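Please see the structure below; I have some questions.
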């Protein structure tokens, strides 16, 4: 927590405006429940309006044109984005400690850029290179010839296999493994023979990859995580997959080998896609769903196999109404039998 | 394997009673198939009764009032609990080796309690603190200011991000990551801007977390794993989740951001819950299921989306009987057409 | 990339034959799109035939009796297997660097076989043993008494708990955890009491385990991954599971405690099996499916719960046709009402 800010200054920083007192001093950000008079709280979900009325917060960050009488408000056109910016202002990241720990291992020909930081027990394999202001955390391992750009953070215990490339301004969390061998075997007479995996993993700029996720390399060519894509924890990206820029993959999602994912595609939690597919730009795969066929751009799919989201919803409703449908068929049978009997009786 | 025990002594240790010879000497525990005359075997599942009749075991641990003529039995009201206690008696844990390895890195101001043990290449960041008799395994990394209570075991290569708190008598398995950034982004014009994750992960006392699981910190506040909760391998607990005491999460389960889980809730294997939900005390989520809505206390749900377990079972049965339902509709159509024709023919 | 090869020599190495010029010099392998005149490309999936006609590759590896006029072809009876063999020939693995890094920790009584390689910050616990030409990567941890055979690669940061056994010619990828405690608790009055997990994990020869996967030990006895089985990333094998030889488990699959899996069983991605089951030889569990009951040999199942694959497909089709079935029932009702009215009107 560095400095104090006037509410009005915060508003201009984020392209917002103040309703109330622009001189209000803000020293921190907190939830509606926990905020005190020097805190900015935020109301981004209307279901918390009651809490907003009761909060002790000094001011509240709200969507444009929100009314909360008697409150100092910071109205922002994109309040969640504004919140991110204000958090960065009020809580600047801790100081870096440039330098290579004497307890790190630096292989032959490995290079570290200006103001890079390498933690204890980290390993830079022969010929590995990290850029300026890049951090390699304690115990992280960069294999031979791995390359990392500028201003990237490799958290403790991440592993980059030899030849892996990571761009600039990336965040690779603890336990991530980049470049392990893809799951490729030639099966003959029931035995599985390893197919050499000689490809490479390429993580483009501005990517974040969550704890313990894995991106594999393939037999040949590159597995690519596109620029600006954000990946959560325990996600699997298989060999030869290409994920377009600005994608989102929530926790425990997985994409099988060689599938191409377009720009801005979202995989929700625990979803998946089979291999060798093409998933169009802007598509969304709902949580727990599995894509087994190509998807055109801007698809929104759910289910196993994943189908159009509305089709899936309707199918779910029909399944719920199956007892009723069955009952109607039974009634029809009874009526028809009665009618038939009547007919016969005529 | 330390000492010998009389069967009668074991019985009194676990609140059980002997049917047969209380002087029988027991030196080990083994399965019905592998036990020898100095071993205690156990019959906790009636489907193994045949094996119990054929076993070479010296004695058998059984549920209260089980009859197995000609056998020395240890009857226990809670036999599985008794088994746990007897295993601890007969196989006490290996000796600890208190002390900080000269190959560990201990940051400025880090503190280790009496009889703590820190392995080679472990890292205690600046200001980190571990309690008495706590073990930090080889290569584990505790970030700055992380705090761990007494009698806890942090297995090799676990990572606690700065500021993480772990209670006493916890077991954190290899590869666990506590406190990585939650998956929070403000998306504007298709670009995902990181929302700083300034919160903290708090693991209360008596918690166990399995290999390679991840618990993330959120934007603000705490992500909490409640006292006595047990988490299996490869589980994901997202930012801002609060899990009540005495919960169970089986392997590869996941809970999305900000969901509140009550006391004594069970998530079976590969199950999940969406974010911002409230899951009532004592609820059970079946394997492979996904909770997409709030659950009242003592819910037992299954399916995607998860519904009452019996409703789900009934739906499954109806889906299986769909071919028959369809055939009945076709028959009805044929009968009606015939009848209609007859009518017309009159 | 070592030597040049004549196409004819490659053909005889892999039991294939040349259609075209056997003197063609091959220096590398590449995809149809990227290959140049000194490269062998491959056509193993007929849907890429167009690309094969347009490729700049010097020669193409194809299935037996494939015709591609004007091309130098290497026909192989098992082309994917041939590809694996040719990749090994053309791209021999990098040189090993036998020796124990002075930055490794070698516990009392630990033994390393001839030409073993142990990386920096690796840990060999007291009494651990690794065989000849085995590699232990940077930061990997072998617990006390762990044993590894010959020609195995333990990648960086893998962890073998004490007593774990890994065979020869295995590949254990980064972040794998072998031998963590199984998820065993005796619950009494809502509290979960740990059941000691004293068993051991045994990984037989020729096994590969992908990044960040976990195999747990059980209360007693062994958890076994059978010879020749290949496991992908982020897979969970629970306590006491036995997987037969030559199995395949794709990414994020999981098997719960004590289940026995036969020979040559395939678990596709994100699939699972409940505990205490028996899964017959040669069975296949489709992606995203969950096995909740024993399976006879050569089962091919899908769905949650998993049922015969064709039954599942039929059920999916029927669910998709539910709107139509419902409409037919409504029409029947209307017709019957009309008919009934007519009858009454008579």
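Order as written gives the chain letters A, B and C; numbering starts at 1 within each chain.
Heads up, the rule we're going with is that a contact is a pair of C-beta atoms (placed from the backbone, for glycine too) under 8 Å apart; a residue touches a chain by one contact, two chains touch by 3 or more.
Being a predicted model, the structure only gives us computed values, none of them experimental.
A.B. asks: Suppose you list every residue number at the chain A-chain B interface; are over half of them used by both chains (same) or under half (different)?
C.D. replies: Different: fewer than half of the residue numbers at the chain A-chain B interface appear in both copies.
A.B. asks: Note the rotational component of the Cα superposition from chain B to chain C, reported as an angle of 0 to 180 degrees in steps of 5.
C.D. replies: To bring chain B onto chain C, one rotates by 120 degrees.
A.B. asks: Using mean C-alpha positions as chain centres, tell me how far chain A is from chain B in Å, no decimals.
C.D. replies: It comes to 25 Å between the two C-alpha centres.
A.B. asks: Multi-chain contacts only, two chains or more: what residues does chain C have there?
C.D. replies: Answer for chain C, listing residues that touch two or more other chains: 121, 139, 157, 175, 212, 234, 252, 270, 304, 319, 322, 325, 329, 332, 336, 339, 343.
A.B. asks: Give the list of chain B residues in touch with chain C in this complex.
C.D. replies: My answer: residues 29-31, 34, 78, 80-81, 83-84, 87-88, 91, 94, 101, 103, 119-121, 137-139, 155-157, 171, 173-175, 208, 210-212, 228, 230, 232-234, 246, 248, 250-252, 264, 269-270, 287-288, 303-304, 316, 319-320, 322-323, 325-326, 329, 332-333, 336, 339-340, 343.
A.B. asks: What residues on chain A touch chain C, complex-wise?
C.D. replies: On the chain A side, the touching residues are 105, 121, 123, 139, 141, 143-144, 157, 159, 161-162, 175, 177, 180-181, 183, 185-186, 188, 190-196, 198, 212-214, 216, 219-221, 234, 236, 238, 252, 254, 256, 270, 272, 274, 290, 292, 304-305, 307, 311, 314-315, 318-319, 321-322, 325, 328-329, 332, 335-336, 339, 342-343, 346.
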